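Note that the chains are named A, B, C and D in the order they appear, and that numbering of residues resets to 1 at the start of each chain.
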Amino acid sequence: MDAQYKAAIHVTLKASVLDPQGAAVTKALHALGYQDVQDVRVGKFIEVALAAADETSARDAVARMCEQLLTNPVIESYTYELTELTV
Amino acid sequence: MNTAVLQFPGSNCDEDAVKAITQTTGKPAELVWHTAEDLSAFDLIIVPGGFSYGDYLRSGAIARFSPAMSAVREAAERGAYVLGICNGFQILTEAGLLPGALRRNESLQYRCAIVPLTVVRADTPFTSGYTTGEEIYIPIAHGDGNYYVDDATLALMEQRGQILFRYAKEHNPNGSVDDIAGVMNERGNVLGMMPHPERAMHEWLGSADGARLFASILTTWRNAHEHANA
Amino acid sequence: MSTPTLEPTAEDVRERQIYRSFGLTDAEYEQIAKRLGRLPNYVETGIASVMWSEHCSYKSSRRILRRFPSAGSQVLQGPGENAGIVDIGDGQAAVFKIESHNHPTAIEPFQGAATGVGGIIRDVFTMGARPIALLNSLRFGPLDDAHNRYLFGHSVAGIGGYGNCIGIPTVGGEVVFDERYTQNPLVNAMCVGLISHAQIATGAASGVGNPVLVVGAKTGRDGIHGATFASTQDPHAKERSAVQVGDPFMEKLLMEACLELIATGKVVGIQDMGAAGMTSSSAEMASRAGSGIRLDMQKVPRRETGMTPYEIMLSESQERMLVVMQRGEEQVADAVFAKWGLDATVIGEVTDDGMLTITEGRQIAAQLPVALLVDEAPVLTRPSSRPAYLDALLPGADAVVQASAAGDFTDDLLALLAQPTIASKEWVYQQYDSMVRTETFVRPGSDAAVVGVPGTAKALAMTTDGNGRQVYLDPYAGGALAVAEAARNLVCSGATPLAVTDCLNYGNPEKPETYYLFERSVDGMSDACRAFGTPVISGNVSLYNETAGVDIYPTPVVGMVGVVADRSHITTSAFGTVGARVLLLGDCNTPLTDGLGGSEYLAMRAPEQKLAYALPAFDLTREQAVQATCLAVIQAGLVQGAHDVSDGGLMVALTESAIAGKCGLAIDFDEVLPRTDYSAAQQAALLFGESPSRIALCVLPSDIARVRDMAAAHECPLWDIGEVVASPAIHVRLGGEQVVALSVLQAETAWRGAIAQWMK
Amino acid sequence: MDAQYKAAIHVTLKASVLDPQGAAVTKALHALGYQDVQDVRVGKFIEVALAAADETSARDAVARMCEQLLTNPVIESYTYELTELTV
């Protein structure tokens, strides 16, 4: 029987890539009086619920979907954490 | 009627709104930069469409903190008319002047098209030139027009008659709850809508149905004004 | 700030042949060293290499581009500036240009396409013009492939994402699908602006001592060597750092600020930073004025820390401009930019020494003659040889394709309408705001888009057209046809064509056969431009659209703008007047025997033969007669609808007009073509062949006599082939039989739903 | 002297709010053959670098900016983790 997993994936723009959203939010926070904010980067948080035979194959699937669909390695990078759900 | 059209960095339907007002009243609306703190001279304030602050983070999220938005709140409290179109609607919901929120379109795509709307109520300052249940054609142009309210609020809004426009049956372009295209505040002087009435001013633009919305406001204002002066 | 210690020395650059990795040949490197009388250092080598890259120097194409006609009484600014300008009367002018962003799109379709739009908008407002419309010309591999769908979907979203945000309507374009574009999709974006003659700004850095400012976004390490990258094969394997993220919000602010600044009259010169960033903008501005420029890298506002002069000079960060102000007027720029929340920073000054001097504080980081970078860039004469396949093509009339049901072409028509290249592009243009500014008289979906000129009775009509397969099959005629089709689309909307901007997309120019196709098609375009009186006022070249030995079709794209003298002349492709006659301008007889060479129908029914047959003959004189007649009858108020016959042939054109007009059509060829023994191939050729120089008109019966007279005066053949009917069905009689019968709804469903179906 | 903090903020749509992006990604993953994916939710990942006197005031600032600007409480909820950066 397959086990249940949850992957929490963080997709961020690479450090050298312009982040217009982050820049706009930084400015807005400054305007609101949060002068101590130095930098904001806005990325994506993707939660994927999936079934897999074991942790290794779950990890493998998550890494592959990140590379194939969820990110474009040209401008983005990603990290993820996997948790097994107890049913 | 004195009309202000607010301009935020990234507004882009501001000039179109001015044109619509000029055509309706014979007198241009005043473009007011977002830093303005006093809007007491205006009877109608239009919060126009566009991409204020790039719509970064969330549509309307950053613009709602502009000084002019505090002035809009005061104006609404004193009973002036406030019309938020598209991005303006998003800003008004973010500012809490209207209930609900606007999410990404269900298709995840930006959609520009002339769509059929049903006028839900024709007995308001904004819609007196229409008839209840009338089908009108107004363009939409948005990526985040998918209106959301929770069920309890929706029921209340229904009951209070706050829903003014719905997308015609089978023509919901974005997934909006209850096909909602435009809603009013409880007091009845603030309207937010995703469709662009200022783009429906002439047959050659594809529809002239939007012109009646501006005419309705003008008529209501005149009536109230003459009444007050009488 | 310390000078980077890791940067190679001038000797290293030579010993280790580092210049090669920048794309310079040994001979080019030696030429630079010789001209300098010393070894160029690392920064200088980088600067020279981008300026001498294909992208900036046009070294493979420059010789050929001179063949285009570029003069005309309407031309206020020809090629060489950021965008071309044509007079439209009343002291106003249209400013436009087209540009490719093919290579970035192949690896990051959303941002690649978006930044392409951003770049072309900057080219137009740099001239002082208010951008009023955008168009785009797209080529992708077939939609049955998931990666092609990804590239197509994200490119469209990126184009929309940029134009929608900035508030410029996207009003037209074209999309073609063919496996030749699978590895090398094409994204060409065009922008049209309006300007009054008095406001025209140029990109010249004149006046010694005038301050040079950088305005707009801060500089980061984006896309270093993007220009070099655009000129080399296989975008996938090359530097991925060359992709930039666009910020349309920043560009909107930048546009408003620049237009406001130019209106103050205190700007001496202004130029956007596109490919090769600060390097090319400064060198080109100095070159245009015959001056020099001195820039201090320490003064450039940066987004990242530790950037070297090399990185700053070569960065392709978007949404930046270089501005030369009148001396002492810097604070004017400050005030305007502060209002929009942007930086305007003085980073240097104009000099008279003819040098581009880059300093870091007091220390000189690079110093090169402007002439070396711009005028002395190599101009190559590449070998050219006629590809053998051109002489092996069979006559188009020999292409035999039978109707899929005996004697009945209804299924064929339905299938053709659902071919993605022919199907409605609504899935695309619904994602574009085509109405903002409330001046769009004709939205996407007709032949040309029409946008009003505020304050006048006039309007501008605009279109982009190109057909790579036709150019492949006959480069000269194909080039001419691209121009002819663009002009025909304008004329059908009621406009007089004014001028052309072109985007020349080709494969590897180092292949003599590819180079031949390039050369011949430019000749064809040039002759057609002369015939139509539409000079080329701006353009762009994209070479090396080649992967693993496969070149794209030679794909010149023509962007054309015309003026509608009076809004009452505006005409669309809708045939919606019941009882009106359907007339055909152009020949009805030759298409029967022209065959199916180059057609979409042949490509659909016999894909393996689509490149085997020659195109129908193209006669420029006939084309001119057809267009002149069309415009004359429209201007005389005699036309209810007009649609040119192009992809998919006559039946596709008529069906589109019926769908748009929400009416039916009863087409009857029996009167005009009374024979009953046409072969199936001949019938197919008449219905779906792509013989050029035809326009279908919708004319009230009471106006027919006048239309006939005017056609006769232009020596243009005219055929009365049917009627617009209320019953929503299309029926066609040919050779004494009914060959097509279907409801407009059936046709519309096939045509409108095809692309959406693929993209679900 | 102020200390340096980094807040990692996760903004997600409330469970009751339909997530069109998540639905689209699920569909796309299925089409790519990831049949074992059951559900995807797409949210935002916002990284804020800020200076603050101490952890309490940093937490306080982050919570306020989340409520004021970074999320819309009508449809979104958030969580965050704060780390002190050692300089």
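For this structure, a couple of remarks:
The criterion applied here is as follows: a contact is a pair of C-beta atoms (placed from the backbone, for glycine too) under 8 Å apart; a residue touches a chain by one contact, two chains touch by 3 or more.
This is a predicted model, so every value here is computed, not measured.
A count of contacting C-beta pairs for B-C and for A-C identifies B-C as the more extensively joined pair.
Relative to chain C, the chain whose mean Cα position lies farthest away is D. The distance from the centre of chain A to the centre of chain C, with each centre set as the mean of the Cα atoms, comes to 37 Å.
Between chain B and chain D, the centres computed from C-alpha atoms are 31 Å apart. Remark: chain C and chain D have CA centroids separated by 41 Å (rounded to whole angstrom). Counting partner chains per residue, chain D has residues 32, 69-70 touching two or more of them. Among the residues of chain B, those in touch with two or more other chains are 53-54, 56-57, 61-62, 65. Shown for chain C are the residues that touch two or more other chains, namely 247, 249-250, 341. Chain pairs recorded as touching, per the definition above, are A-B, A-C, A-D, B-C, B-D. Interface residues of chain A, counted against chain B in their complex, comprise 20-21, 24-25, 28, 31-32, 42. Interface residues of chain D facing chain A in the complex, by the touch rule stated above, are 2, 10-12, 25, 28-29, 32, 34, 36-52, 61, 65, 68-70. Taken in their complex, chain B has these residues touching chain A: 53-54, 56-57, 61-62, 65. Residues 107-108, 111, 217, 220-222, 240-241, 243-247, 249-250, 303-304, 317-318, 341 of chain C touch chain A in their complex. Looking at the complex, you find that chain D touches chain B at residues 13, 16-18, 20-21, 24, 69-70, 72, 74-75.
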